[in-house]
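Each of the next two complexes has chain A plus one other chain: chain B in the first, chain C in the second.
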Partner chain A sequence: MAMLEVEDLKIYYEVIGGDVKAVDGVYFDLEKGEALGLAGESGCGKTTAALGILRLLPSNGRIAGGKILFEGKDLAKMSEESIRKYRWKRISIIFQGAMNALNPVIRVGNQIVEAILAHENVTEQEAWRRTEELFEMVGLDPERAKDYPHELSGGMRQRVMIAMALACNPDLVIADEPTTALDVTIQAQVLELMKKLQKELNLSLILITHDLAVIAETCNKVAIMYAGKIAEYADTYTIFKKPLHPYTRGLIKAVPSIKGTKEKLVAIPGSPPDLLYPPPGCRFHPRCKYAKDICKEKEPELTEVAPGHYASCHFVDEMKNIPF
Partner chain B sequence: MGMREYLIKRIIQGIVTIFVVISINFFLFRAMPGNPFMRFIESQPRGKVKEMVDIYIKLFGLDKPLWEQYLIYIKNLLMGKFGYSFRQVGVPVSKIIMERLPNTLILMGTATTLTIIIGIAFGVIAAGRRGELADISTVVVGLTLYSIPIFWLGLVFILVFGFWLGWFPLWGMITPGKYFSNPFEYAVDYLWHMTMPCTVLVLVSAGGWALITRNALLDVFTEDYILTAKAKGLDERTVFYKHALRNAMLPLVTMIALSFGFIASGAVLTETVFSWYGIGRLLYEGTMQHDYPVVQAAFFMIAICVIAANIIADILYAYLDPRVKY
Partner chain C sequence: MENKTVIKVENLRKWFPIRRSFFATLFSKEELYVKAVDGVDFEIKEREVFCLAGESGCGKTTTARTILRLVEPTDGKIYFDGDDITHLKTKELKPYRIKMQIIFQDPYESLNPRLSVFDIVSEPLQVNKLYESQRELKEKVATALEEVELIPPERFMYRFPHELSGGQRQRVAIARAIITRPRFIAADEPVSMLDVSIRAEILELMDRFKREFNIAYLYITHDLSTARYVSDRIGIMYLGKIVETGNIDKVLDDPQHPYTQALISAIPVPDPTMKRKRVILRGEPPNPIYPPPGCRFHPRCPYAKDVCKEKEPEMVKVGEEHYAACWLLS
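So, the complex of A and B:
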């Protein structure tokens, strides 16, 4: 049994006019020490899935079905009281905008100390010592722990977030677009740091991003999400070298490659569907150049096409013959 | 720039502002139609009217050109002289104001404190139970109270609780002709008279405070750092009080300091409706009677209080919000 098993997870947001099916049947699993990339366009449900694991959904969101098994225990059905013990102690999360993810009126060190004191039976002094160690671990001067968030640069704030995420020695860290708000050189540094810490601490990592290059560098396996569903799921090499789902192929072709000489970038035409009224059949069919009648009527299932390689497309077998 | 320089800069700004305020006051009241002594003269025996008016105009220096009057006024002000009332001849303005000020400070101080406490408490409750009955009723009642004209509510209170039910006195601050054997009895009678005007003031203003507090909190709830706090596994109380309320209170602190600055200005409408012998009613009477020195002095005092409150608000804000730099 894997450490984390997400099975047929469904998360709906209640809005006027019905339910937005932001996550609608998502599967993935994660072993200890493994890094999973969760990729897809904006609004495909990546962040919702992440928030759902920790049950941090906004008040109009609910887990409408499925299981989130963490060491065999279903987080989806746990009481608020019990899930709180998992938050940060076992599973921590790094948010996108480190700018706003830290409380502006509390010293950054105190924000980490607070997390430690909430879960560990230690004195405040010990928590401060731990905080200083964490600062050194992420390459920050421990003195800066006494600063307020606005006194730190964007990159430093994200390092603080990483230090905070590691405060209680969690087993799993979910990083939601951890580098998006940073400029490119800082992005590289922060990613390097995350990779290093993940290896050293044998952490499990779920990395959520729309940046495939980041995933290619960091993750062991990748789940490509489209309109609330898993389009394709495999190890990183397979996803990048032998993708089968037309959406995965489009996504990879839409990213420039440094090695690829003068290869033309191909955008995926159209835009993601309205998840309040998703299209019938395969949700990708309106944008898919291979779509046939069956795609408009029947929803494809996520099937294992090769060991460990899953795709949800009616024409996976045909796709094998169409060179990527 | 350090705290000291900032403070000095703000005080200089404040002095300039006060100077502008008193200058505007001076010319504003003199631009009003009518003559300060008309009503006064009307009560005199016929025949001597013209002579009396001339005597008084000369006595108070109103025959001099406006710019000269202004210079004299500024000079006297700098020497701490506020002059004499036009209406109560011979009575210094400072005495009139000092007589009224305690009544206003007691009424407004109590009302403002209660308003803020009650308003913020309801706002916090409403935000904590968003969408529930407590929230919806706070918003509906708050908006209703906020839209009620205060003089109307005052008159309704006088009619219902004063006249029909007879629970509270209709007007004034002390039962006329009553003998008090000790200061405590006096205080009880005073507070009994104050109950209605104070309640009306609190009701009308607390609604606005509740709505503002609620909105400030709801804004903060959507911030990412609240999500971080929840993700850290903190319990709801800690998230609410330590992370949300503290940030939501920042804009409110400025408003609290400012409303205490306005305490000295009294409540013109409420004091008039309830015949409360305070600064608000003095302003009303002084304006109606063209009593320039009284109104000018009252405005001068109010300006100082408001400007001082502003400076205090800025300092408090800078102390509470580490992002604010001088």
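So, the complex of A and C:
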């Protein structure tokens, strides 16, 4: 059994006019020490899925179905009291733009100490010692723990956030766009750090990003999301080299690369659907160049096309014969 | 046929003075400046895309704004079609303004939410009184919308920005830029806020106008991967200066300056089979108020020698259409 198994997860937001089906049947699993990339365009539900795992949804959001099995226990059905034992201690999260969410009037060290004291039964002194260790671990001078957030640069604040996520020795870290606001040279430093820590601490990582190139360099496997569903799910090599779903293919063809041959970039026509009124049948059909009548009527299921390679498309077998 | 030079800048500088407290001025006479742009030279020809690339705070956006005279240059010269426009007064500048346009990064913020698409796109014509009748105005707006593929134009003309997707909004911003038939467009990160799957369409649109209307583009980006697909030449900026410049493929495939090399090696590649050796730079760009002496890159440079700390390197030719400023090369 995998450490984390997400099965048919559904998360809906209640709004005027109905439910926004932000996550609508998502599957993935994660072993200890693995890194999973959750990729897709804005609004595809990747952040919602991550928040759902920790049950941190906004008040109008609810888990409408499915299971989130962490070591066999279903986080989706757990009481608020019991899930609190998992948050931060077992599963921590680096929120999107979190480096700007540090409290500006509290020293960064104190903010980490606060997190440790809230979850662990230790003295304040021990918590400070742990904080200094964490600073060393993420490549910051422990002296900087006494600084206020505005005294640190963006890259350093992101390191503080990583230190905070590791404060209680979690098994799983969810990182939501951890490097999006950073410059490439700083992004490279932070990604290198995350890869190093992941290996050293045998962490499991869920990396949420719209940047496929970041995933190609850091993750073992990838789930491509489209409009609240998993379009394709496989190991990184298969996703980038032998993708079968037309959306995955389109997405990879649209990503420019700094290396290799300069092939023409191809856009996917149209834009992602409104999740309040998703199109019937396959949600990708209005933008898919291979769409046939069945795609407009019947929703394809996520099927295993090869060991460990899942795709949800009616024409998966035909796609195998269309070269990528 | 030789393409004409549209934009030329020489030794362009933009220093922003720092306001200090009254007390601070009593105790020290020293004036402080943020040297956002500190001696930049380049030219852009018709049908050419010149890319200015670099990390945040390197001065690429300020360079564009200075060329458009949205901020006043501190020093240096700006030529438009051979005319010196560096110190023209607002009135004298007007005929040039029609020929120069800008596309901003964030189509969610650059369009006034209370104006309809018609108002937004027709504004440059209205401000400059470039139409005879209401009918002509409407026709021109319709043509511009058709050109950016918002078809049929009648369906989009009276919509408001919040009713459009990000890609459609950026098309509106482009329609506003091309409606005066400019010779020069500064595009400041035009696709960085858009989803990957629609970026290619917007870049293609810009490329089509380049060919159809002979536009000279200044393409500003931090993303060298997209720059590679759309630009003809590139200038890599670091802390207010261009450190390497030349033909896009030459600079990106065979970078000579250590900063360019590090920048390129830091960019992740969407191919898991490609294993590369990575140069990880130490530290972060320094404070532009007190740029380091000598070569500005020396505190982070893995190859820095003594001379780098003392003297600023000159731009030298390192190959055909390829220049770099580094002591290792001269």
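In the analysis below, the second predicted complex is superposed on the first by the 321 of 324 C-alpha atoms of A that agree within 3 Å, B and C clash if a C-alpha of one lies under 4 Å from a C-alpha of the other, contacts with A are read in each partner's own complex, and residues count from 1 in each chain.
Here is the rule we use: contacts are C-beta pairs under 8 Å (C-beta built on N, C-alpha and C of every residue); 3 or more make two chains touch, one makes a residue touch a chain.
Owing to the predicted nature of the structure, the values given are computational and were not obtained by experimental measurement.
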| said: With the two structures overlaid on chain A, would chain B and chain C clash, or do they fit side by side? | reply: fit
| task | Pick one for A:Q187: touches chain B only (first), chain C only (second), both, or neither. | result | second
| message | So in the superposed three-chain picture, is A:L251 touching just chain B, just chain C, both, or none of them (first/second/both/neither)? | response | second
| message | Touch test for A:L276: chain B only (first), chain C only (second), both, or neither? | response | neither
| field | Contacts of A:V15 with chain B and chain C, given as first, second, both or neither | value | neither
| query | Where does A:D211 make contact in the superposed view: on chain B (first), on chain C (second), on both, or on neither? | reply | second
| query | Which holds for A:L56: it touches chain B only (first), chain C only (second), both, or neither? | reply | first
| request: Using the touch definition from the top, say if A:G155 reaches chain B (first), chain C (second), both or neither. | output: second
| task | See if chain A has more residues touched by chain B or by chain C, and give me that chain. | result | C
| task | Specify the angle subtended at the CA centre of chain A by the CA centres of chain B and chain C, expressed in degrees to the nearest 10. | result | 70
| field | Superposition-derived minimum Cα distance between chain C and chain B (Å) | value | 7
| Can you pull the chain A residues that chain B and chain C both touch? | none
| query | Within the complex, which stretch of chain A touches chain B? | reply | 54, 56, 59, 84-89, 92-93, 95-97, 100-106, 114-115, 118-119, 148, 150, 164
| message | Using the touch definition from the top, list the residues of chain B that touch chain A in their complex. | response | 130, 223-225, 227-235, 238, 242-243, 246-247, 250, 320-323
| Touching chain C in the complex: which residues of chain A? | 41-42, 153, 155, 183-189, 191-192, 210-214, 216-217, 236-237, 240-241, 250-252, 254-260, 262, 265-269, 271-272
| note | In the complex, the residues of chain C that touch chain A are 55-56, 165-167, 195-201, 203-204, 222-226, 228-229, 252, 262-274, 276, 278, 280-281, 284
